[in-house]
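Letters A, B, C and D name the chains as they come in the text, with residue numbers starting at 1 for each one.
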């Protein structure tokens, strides 16, 4: 290429361009933070919901499932599981996993030995998650 | 080897390759669990295997990056490392911490591990890729700071080249954005929003600076092309990377509760993200075609070219496939994402680390390049691994398309498990291809032990 | 000295003025804006009534005045380049200052527009039209600022006599970027304010 | 030096004429907006005017006029694609 393509100009564009777009990201983030309360309904985050999220994390549920589409793709989406199955089903399902697994089953879910309180809070968390405004994702109830 | 202290890179590279093997083995376990649900259950449930698989990947790439920095920086700054002893100490700390973490994952139920490591005091665990217990996370910060201190001091006292500057910025960025992993609010949307500041700004941001710097260094060495030319390309590539990639983060903000304008910002900017990868491919081939010397290390050149092509395919093309919001609406969180993830990580980061290892290891062992026999074997491993990853990606893409069709597009959508049953064949083919990949990796390791007449040191 | 060597500076014949790196950047920017413009156009096609209705509330006058301001500012920059090609550093700096001043006028007018919209409670999330209107104009607004920073750097160097009739790639580089900012607004104005 | 001497002696430079032309075209565009005219023909007129303005800025201000065909072609095709895309989108929206 011509000599008129200089390294110092390329460097300036790198610094200028990345600063510019980082500022744009910060500005958009600022706006997002203003809008989020209307979409995530944070007023409904009760202590039970918050604890439910901890239960979710402590058992590494994201290692098999997706939540709002993020996570592992080994097991069903759970962002809308409350709507799909209802709270009682979710609790019964988690409780009834055999510790040694089901021989010959297609996929296996471990027995996590959750307490009744943990189960309730997990369901509260999943219920709250299902009420987040996700722009109509997933496309249907199957997740 | 021009500087004594470059030798500290060697244990880093060896550890990286060792952990790479572990990563692949766990990948194979998971692949089998996709089709044989009770394989190794309940000893190693899928979520544990996956955590080990992804965490090992991250850790071995970090080992690779650090080793690369320890190798490159003395040569670029034309001075010995500030403290080789510190580098070696950090190596052992990082290795032991990493090993303990993996052992913890495997031996203790995750919830018990969380309890043992004070997760209740400051919950950070249980989020994808950031599953590490708090002490491990703090350990990473300490190791990273000591490492950065070492590298920064070396650069300060020596020659300042653009390559070392870009590498340094990338590494600092890596440490800075990792700090977001300590932020875990109970509001899931906020959690996810800033979780991406670590994950996205790593792999589609600062890591690409590291990638660019490593590639530029190796290209200067193997092609002998003028540093000025290579460095200005480097700047243009990373400029485009950040210009498109920073706001391109919006492609993760489509469906997690964030405002809808992200669908536009994310689509527009991430649609441009293939450009820097395309430039990288053009750059690599251009430089090799304009080479001023015939470097005896053909394998390293092959890896460098492969990085260009495969990162463009994996990150660029496969990323673009599902990055537009209307498409992503259907593909989000399916095997399509997995397909993209595999090829992008292999094509960009695995390959660039193997490139620098391929170039630097012979030098550290006192020769410009390995014997012909060894290089031929290494090139075989290159092709086996690369072709395998292409096929793994294709099979997962096929699986993903079918999954999307059956579960989301169809007027009578199937449930998740029913859809999975329909695509078992592709999972079997993926697993088989994974074994070919492992064969390639074994050959790669063997190539280090193949003797024969080696090329003299340059 | 022939005109040839003057106008071409140290360029290869046939390449545009300024540093080649800025041209790569310019094309990248054009691509990003182009995609954004087309996104607007096709989003509008799906929602004509909403776009037509919301467009009524824009201040077309300030949009038109700003077009004039930017075109004139661009013209001043042309004069600055012409001046430095004749080796007139001081004049070059003066033209550049005038161009930067007009950039400032653009920003002020735009700020009034933004203020009116924001105080009416309009934000990115109000509707698709305002999402685009605000995104496009704020994104462009930031480009005007960036362009002014570049021109200011060039102007300061010109004032110190840092450019000559033979060596002034820096002036041309800054000028090319500023013209791009102008060019983008020339499309943005009819697209967002006029077409209905 | 001939050209420059000529340019300096001329009262109105070529770039000044371009500037005036741009202002006039802007005035027309504004007038169309002011009258709130719409419809396919009007919009095509606005887009043609925009294309001409774009080419003038690119050619005379940015200096692409004196460059090789490739450089001019990139800019012209960008203008055509963006303008044409807007036109197509408008026609789609009429239905």
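Rule of thumb we're sticking to: a contact is a pair of C-beta atoms (placed from the backbone, for glycine too) under 8 Å apart; a residue touches a chain by one contact, two chains touch by 3 or more.
If you're wondering where the values come from, they're calculated on a predicted model, not measured in any experiment.
Participant: For the chain pair with the highest number of C-beta contact pairs, give its two chain identifiers.
Facilitator: Among the chain pairs, A-B has the highest number of C-beta contacts.
Participant: Per the centroid of Cα atoms for each chain, what is the distance between subunit B and subunit D, given in Å?
Facilitator: 47
Participant: With chain centres defined as C-alpha means, what is the inter-centre distance between subunit C and subunit D in Å?
Facilitator: Here the centre of subunit D sits 14 Å away from the centre of subunit C.
Participant: Determine the centre-to-centre distance between subunit B and subunit C, using the mean Cα coordinates as centres, and give it in whole Å.
Facilitator: Computed value for the inter-centroid distance: 39 Å.
Participant: Where in subunit C do residues touch at least two different other chains?
Facilitator: 15, 21, 24-25, 31, 124-125
Participant: Can you tell me which residues of subunit A touch two or more of the remaining chains?
Facilitator: Each of 5-6, 10, 13, 17, 20, 24, 31, 35 in subunit A touches at least two other chains.
Participant: Could you list the positions in subunit D whose residues touch two or more of the other chains?
Facilitator: none
Participant: For this entry, which pairs of chains touch?
Facilitator: Touch list across chains, by label: A-B, A-C, B-C, C-D.
Participant: Mind pulling up the subunit B residues that touch subunit C in the complex?
Facilitator: Checking each residue of subunit B against subunit C gives 232, 235-236, 239-240, 243-244, 259-261, 264-265, 267-269, 271-272, 275.
Participant: Using the touch rule from the top, collect the residues of subunit C that touch subunit B in their complex.
Facilitator: Those in contact with subunit B are residues 21, 24-25, 28, 31-32, 35-36, 39, 43, 124-125, 131-132, 135.
Participant: Mind listing the subunit A positions that touch subunit B in their complex?
Facilitator: 5-7, 10-11, 13-14, 17-18, 20-22, 24-25, 28-29, 31-32, 35-36, 39-40, 42, 45, 49-50, 53-54, 56-64, 66-77, 99-112, 125, 128-129, 132-135, 137-143
Participant: Using the touch definition from the top, list the residues of subunit D that touch subunit C in their complex.
Facilitator: 1-4, 7-8, 13, 15-16, 18-19, 22-23, 26, 29-30, 32-34, 36, 38, 43, 46-47, 49-50, 53-54, 57-58, 60-64, 66-68, 71, 74, 78, 81-83, 85-86, 88-90, 92-94
Participant: Any idea which subunit A residues touch subunit C in the complex?
Facilitator: Touch residues, subunit A against subunit C: 1-6, 9-10, 13, 16-17, 20, 23-24, 27, 31, 34-35.
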